[in-house]
Structure formats: C-alpha cells, structure tokens
Amino acid sequence: MQSGSKERDGPSQAQLPSIVHALLRSYRSDERAKRIGRRFLPSHEEIVEILHLFFELLFPGYFGRLDLNEENLEYHTGNLLAELKEKLERQVERCLCFREECEPDFDASACRLKARQITQAILEKIPEIRRKLILDAQAALDGDPAAESLDEVILAYPGYRAVVVYRIAHEIFSLGVPLMPRIMSEWAHTETGADIHPAAVIGESFFIDHATGVVIGATAHIGNRVRIYQGVTLGALSLERDASGRVVGGPKRHPTVEDDVTIYAGATVLGGQTVLGRGAVIGGSTFITRSVPPGARVAIDPPKLRIGGVEGTVVNQEGGNHPTSSSLVASEEMPGRGNNK
Amino acid sequence: MQSGSKERDGPSQAQLPSIVHALLRSYRSDERAKRIGRRFLPSHEEIVEILHLFFELLFPGYFGRLDLNEENLEYHTGNLLAELKEKLERQVERCLCFREECEPDFDASACRLKARQITQAILEKIPEIRRKLILDAQAALDGDPAAESLDEVILAYPGYRAVVVYRIAHEIFSLGVPLMPRIMSEWAHTETGADIHPAAVIGESFFIDHATGVVIGATAHIGNRVRIYQGVTLGALSLERDASGRVVGGPKRHPTVEDDVTIYAGATVLGGQTVLGRGAVIGGSTFITRSVPPGARVAIDPPKLRIGGVEGTVVNQEGGNHPTSSSLVASEEMPGRGNNK
Amino acid sequence: MQSGSKERDGPSQAQLPSIVHALLRSYRSDERAKRIGRRFLPSHEEIVEILHLFFELLFPGYFGRLDLNEENLEYHTGNLLAELKEKLERQVERCLCFREECEPDFDASACRLKARQITQAILEKIPEIRRKLILDAQAALDGDPAAESLDEVILAYPGYRAVVVYRIAHEIFSLGVPLMPRIMSEWAHTETGADIHPAAVIGESFFIDHATGVVIGATAHIGNRVRIYQGVTLGALSLERDASGRVVGGPKRHPTVEDDVTIYAGATVLGGQTVLGRGAVIGGSTFITRSVPPGARVAIDPPKLRIGGVEGTVVNQEGGNHPTSSSLVASEEMPGRGNNK
C-alpha cells in the first residue's frame, strides 16, 4: 500500500490533505462502523484458509495435496491438523475477545485459554463431521440422476459445498464462538448461492440441488433424508418492531421440516409454528404458512393460459372468443402441441 | 503465460499453427468482440482493487490493516487515499477514453484532465457515502433479529456488501463515467447474488436481507427505510422491439418504492408506472404490475393442499372424496399437524 | 502447509496425535470420500486457469494482455494456444483416467493418447465457439435497453459469462470428457448464479439477463433467439426412486424451448415432454408443466390486494367492509395511487 502518484500537478496534490481531514472528521463524528485502537478482530482471510484446511482434512486427496498414499497419509494429516489448530486458536480468540475487550473487566489470558479449549473441541468433532458428510454426499448421488459419482459431488456440487460449510460452522456455533460461524456461512453463500444460518439444526443425509437462492433461517429445524431444490426459503413470517424500532423475533421463527420431506424449487415455507410432516412433498413455487400433515402433497394450481396470442382475445374450452380484462387468461385444459384451438 | 508443452510429438505440434491461423481468420472476419490496436480498456482487476481500497477507507479497522490506532490513523488514511487516487485516475481515464479513442477528433490530454477532475469529485464524496452506509448498517441491525452487532453486518452480510458497492458505483455513475459502475456492480453481483444497477436511485437506511436473486433495475427509484428480502425483483414489464430488432425501453421502466415499504422474499414488482405507496407491505411471492396505495398490505392466496397423499383423490372441507384432474388440489383450510383428514 | 504452532502447552500438544489417529480411523472405516493411492484427479485450480485462457483467446484484447496490436497478435495467440494445449492435455487425461485407473485392464498410455486427440478436437472448435458467442453478445445488446455496448456485455454481464462457459463446457462434454465440464459449469455457477448443465443443447443468439437463479437441466433443449431472465428454471418434474433408493431419470427430463421464445423472471418450466412453442412468451413467476402452443402468451393472474391496511377488514369493489379469514385478500381492481378506498 504505497503512495505512487505519477503526475503530481499542483491543485490535485493540494486537495488530498483536505480530503484526508474530511474523512478523519467523519471517523470521529460517529462511534459506529470503525475499529480504532482495538486489538481483536477476526480475519476474514484466515477464516477462509481455515475452511480450506477443513476441506483437505474431510476429503483427503481431493483438494490441496492430490498425491496421498499410505506412506505419507499420517504425516500429511498431522501436518494439516497442526496448521488448522494454530489458525483456529488465533481466530477463535479474536472472535471471543472482540466484543469483550471493551468491557472493564476484560481478562485476555482467560480469553486465550477458552479459545484453546474450544479449538480442541472443534478438532475432536472432525471424524463425526466427516461421517455425516459422507451420508450427505451419498444422498446427493442418490437424489440426482445427473450425478455420476461421489467424486463429482465432492468436487463440483455447490449445494454439497454449502452443506459442508454448514456442518463445520454449526459445530463452531454450538461451541459458543461468535462471528466466525456467520463469516463461514456467508463465504459459502457467496460461493454457492445458498444461505444457511449456522444456528439451524439439520439432520442426516441432507441434499440441496442447484443451491442458488436457498435460504434456511437461524431457528429452522430439518430432519433426516430431506431433499430441497433451488430457491427454497425456510423463513420467518412478517416481523414486528419494538418501541426502539428493532425488529423482534421469538425463539422459533423458522419452520420445522420432518424426515423424508422433499421441497421442490422456489417453494417458500414460513413461520416458526409451520411443520412439514414426515414424508410430505412440497411442490415447486408453493407458498406455505401453515403446517402440512405427514405424507401430504402440496402443489399450486396450474396457470391459466392464453391461446392464439391475440391481445385482448381469449379462446377457451368453455366457449368461443370473448374479450378479457387486461389480465391474460384462458382455459385450464391446455391442448397439446400442434393443436392450435 | 509461457509456452511449456512437455512432450512435443510430431503431428500434434504441426497442428497448432493451423489452429492459430484459423483463429486469426476468425478475428479478422468480424469487427465485433475484439480490441486490437486500442489503447484504452478498463482493467477489471484494478477496478476490484479500487473497491477494496474503498472498503478500507469506509470501514477503518475492518479490512486490510486491522491494528489502527490514533497515532497511525492519519498516515494510514492518507496513504490509502493516495493509492486510491492513482488507480481511480487511471481507470476513469480508460473508461472515459475507450469509446472516444475511435473518434477522429480524439483528444487524449483533455480525456486525462477530465479523469483527474472526476477522480477528485469521487474522493470528496467519501465522507457522505460513509454517512449513508452507517445508516444502512443500522437498518440491517434493526431489521434482522439474527444480527448481533454492527460489526457482524459490516463483516458478514452480503446484502450490506451489495449496498456498499451500489453507493460507490452510483456516485461514479452520476459523474458520467461509463463502464466502471457496471463492472463494480457485477462484481458485487458475483459476490452477493444481488444485482443492483448503479443508475438506480436509493434513499437512506436501506436494508437487503439474504440478497440472493435481488434485481433492481436501472430506472428504479427507492425511498428511505425500505427493507427487501431475497429474490425480490424491481423490474421492467415486457419490452417491445424496434425495427432493427433492438429492445426499446422508455426513460422510466422500473418501479418506484416509497418510504417505509417492506417487500418480502420472492416478490416481483414490474413497470415504470408502478408505485408502492408509503408504508405498504408487499408479501412474499407476490406479482405486482400495478400501483399499491400507501399503507396497503398485499399478499397471495394461500395454496390449495392435497390431504392424504393418495394420487387422484382429494378429501376436502367441502365434501367427501372426489376425483380430480391431474393437478393436485385440496381445500384451503388445513387441519393442524396430526390431523390426517 | 507448514506446522507452526507458536505456543505448545503440554496438554494441547498431547491431544493432537489422538485426533490424528481418530481421523485416520475415520478414513479407513469408509471407502467413500477419499482418494488415497490414486494418481489421477482433476485440478479444480488448473481447470479454472484453462477457462481464463479460453476467455483470452475468444475475446482478444479484453482480458489478460490488453495491448494487442497487429504486430504482436499472432505471436500472442500462438503462445496462449500452446499453454492451453498443455493444460488441457493434462486435465483431460486426468478426467479420462480417474475413473478407469481402478480397472484391472487400465492402460495409461492409451488414456494419454486419447487425451491428446480430444484436446486437438477441442482447440479446433474455438473459432466456431467464438462465432456463436458473438451472436450471443449481439443478442444481449439487442435484448437489454440498459446495455450500452458489446464491450460492456463482454466485460460485465454475468449472464453472458455463464453462456461463454456453457459453450466451452458443452463442446468438452460432447467429446466425452467426464467431470471437467461439470467443474467448469459449477465455476460459472459460483461466478454468475446461473446453473447450466453442460449436456444441455442451446441454439444461437441466446441471452440470459441478470442470471441469478437460472437453472437449465441436463436434458433441456433450447432453440435460437431465446431470451430468459433471472430465476428461470427449466427443470424436471417429481422424480421417482428405484429399489435401491436412487432417483431415476428418463432420457428426456427437462423441457424443450423452441425458437424466439421469451421466458420472464422467476418462471418455472418442468418436464421432459413440455414444449414451449415457437415465439411463445412465458410471463414472470408462472409455473408450467404442460406444453405451450406457438405464439401463446402465458401469464399468472394478478394478485388480490388488501386496501386500507386494517387487519381483518377488507374493502373491495364488490361491496362494503366484511371480515376475512387470516389471509389477506381484496378486490382485483386496484384503485390508482392516492385513491384510498
């Protein structure tokens, strides 16, 4: 970050200090959106490196070092874990401390000790995270006719990648680390288009296909063997504001999805009391704000069609031509292709 | 970019020159999609560096250098501004000149002078951009029950990041710089999933939650304290083509959203004459092509449900079983969970 | 990837080996999701480099080296092609061999020869890919009133970038290379939000505007001069499972879109037998599971509105106030703005 303006004409150079001072005044005029004189702030960059190390450890031989064999495996794994441990301890400490350092009774060494304990707990969970992710990959392979192998799912499926990051972020969230889980899930959101809050609870064999536009809220609860498609929202109903203008949310604002449910593309499911019963099938583009019983199939009505393409005229099954309002409607029964009635 | 083919077998090497010549013939056969012998083209890479410098200046201590304090703040800020000034001058010049250099009366030094003046104007706006962005971050914190701090919004909210880039790109657009604003907004689109045209006019305290799939058109006009969710489109109605086949758009093609409006997930609002009146609440998954009065609440009808899950049979409130068409419908009143009627 | 733990306290260091061993046990306990002792795995990183080289060759002077002129053009093009050839041969070999290397009759040199032949065929297609991409860029310029130049489309339109990668990935898919096409299309998906399966067949002059949330399935077939908007899905209907639990798909699962069709934002079109007839216009947010005849215009009904904003009361055209269910409905004829009836 060096200064290097090639041509320093008089007026332009004289103006830079005044802009600097205007900006400093702006910093001083508001306590918000600045961190001056603070020690602890998580590094977005190092948290993404942490995610990459997790990927290498969870899927040996797929990322980073590709030439693993039985001789170098133990050494390589130990090496990665040591590097992950160091970075995690540093970033967990910063996430724990960044809020507390402003408190008068802030104890930096207690913070650091807690960071080490939490990091140890995170690392001990890696085999269990891997066990679940293998089931998730299998669910993707079983759930998508276009999937040719587990390798393809691991290497190329963004929905799967979003689930990998979710499972890591969720464990870190459950251990009480602030900020890091959200930074991780938003990295996954940028990469995959799926927005899964790390606080959400998701069962086993979870498959997200296509992934773009999926939103899973913080208090959503999803069972086992659930399959969802692009654009599915598990969200909150309209939110009210309290006296200070802040939107208030209860403890359960997002839906519950029971085992073996399938939710097709673009479905919107809202509300903390909304339960999708076991085995239900939620059709594409539906809008659900009430519970659905087990085994139910929910779908939207097919659209009305205009036939013939002439503005203002409709030909439909119930009778001959007649003028319409400016909305375009036609009969529900659609003649097959080539049948131009 | 070095040549380094390890194994040079006879036939393979002989074929490369013929491919080169085929490609050069392809370049010569069409004037479009090539820039040979031109001097000025914006660098996508440097424009992204410019955005990163803006982020550091707008949010001191959050990105890049994290150890800011009162002693190093002024020096660091001046350093960043000098670097930003140099890169902006270069890229603004290229954006201004890349179209004009083909004109016979092209004056390179006039172009460069204009680039400096515009860059000065951009830098002078930074405190005002920061003022607005603090209000936007506050709106995000107030509008999302899952948000824990302003720091979290600044560090991890993609919708907020899209708004940051919009406010920068909009100022640059307003100063008449071509291409750069669009390159910036498309970078934000890649990062966040939100597509906000830099020409759009957006008021204060603007909050986008989740962000994926948000599309805000070039002639949209948004007021203050507006809140939108994922998948919301503020778009144009169907577009007509002129004699040459080019789609024509009038001066106002996208909607107007007044103060204090909330637009929930997946709502589509279309048309230059469509106005969402002050305080209106637009429900999720609605489709709006006409104005909505102030204070109105717009929602879609709840979906019809099939109960029982048996293909071809419907049980509903109005009567017993009866056969259906192949579409799946059932009564609107949904029994609660566990009530398998 | 070096070990560098700064503070090695006793208990923490003693625990790392036990985590290593737990992870190794996890690797050995399942044959899935690991590649130990394998030679061939595609490099995601090098495949992205390959895409960047394609961009430079397809659009000379826009990416990478910006100062092309008639003197350096041939040398520069030859240089890029040689580099692309080397990387393609290496990655095509790995993609071809990674599945076969487990077979007992695996012939490594036959694999390598096939990789060279396929790479030659890929390079020979570049002029034709460029020809089609010029038509696609022209379609974007003609189809979007906000587009100012072909340069802007090439430099800044994510929908166009998704189409560029599709055309490259499709040729590679057609030559029988596994995995690489999917890695390429998922890179484009991350960058642009559009998910286009490389197996899909797409005609000329294809324009995707905004791009986020577009999903085009593997067996979709799209004609010429088709225009689609954000959030459009060309997908499969509900899928059944076979005895082993794997979802089965027939050979044609995704729709056919004929020439000159326009599909507006958020439309969902499903089913292998669904044909959108030539020149049809599919309105935004529609849900289509049956064929549409040529020239037809399909749209959804406009939403019902509540007017007045008072919970539980509806004023509509047909009569005075009356109580409602908890759903919000009002008359279809919307009074204009300022008319608070």
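Labels for the chains are A, B and C, by order of writing; each one numbers its residues from 1.
Just so it is clear, a residue touches a chain if its C-beta (ideal position, glycine included) is under 8 Å from a C-beta of that chain, and two chains touch if they have at least 3 such contacts.
Nothing here was measured: the structure is a model prediction, and the numbers come from that model.
Peer 1: Rounded to the nearest 5 degrees, how far is chain B rotated relative to chain C when their C-alpha atoms are superposed?
Peer 2: Answer in degrees: 120, to the nearest 5.
Peer 1: Pick same or different for copies chain A and chain B, depending on whether their interface residues overlap by over half.
Peer 2: Here the answer is different, because the shared fraction of interface numbers falls below one half.
Peer 1: I'd like the Å distance between the centres of chain A and chain B, where a centre is the mean of that chain's Cα atoms.
Peer 2: Averaging C-alpha atoms per chain gives centres 19 Å apart.
Peer 1: Hey, what residues on chain B touch two or more of the other chains?
Peer 2: 193, 212-213, 231, 266, 283, 285, 300, 302
Peer 1: Contact residues on chain A for chain B in the complex?
Peer 2: Interface residues on the chain A side: 1-6, 9, 12, 15-17, 19-20, 22-27, 30, 32-39, 41-44, 98-99, 178-179, 182-183, 186, 189-190, 193, 195, 197, 199, 212-213, 215, 217-218, 231, 233, 235-236, 238-239, 241, 244-249, 253, 266, 268, 270, 275, 277, 279, 283, 285-302, 332-333.
Peer 1: Sort out for me which residues of chain C touch chain B in the complex.
Peer 2: 57-70, 73-74, 77-83, 85-86, 116, 120, 123-124, 126-127, 130-131, 133-134, 137-138, 141-146, 148-152, 154-158, 190-193, 210-213, 229-231, 262, 264-266, 281, 284-285, 300, 302-309, 327-329, 334-340
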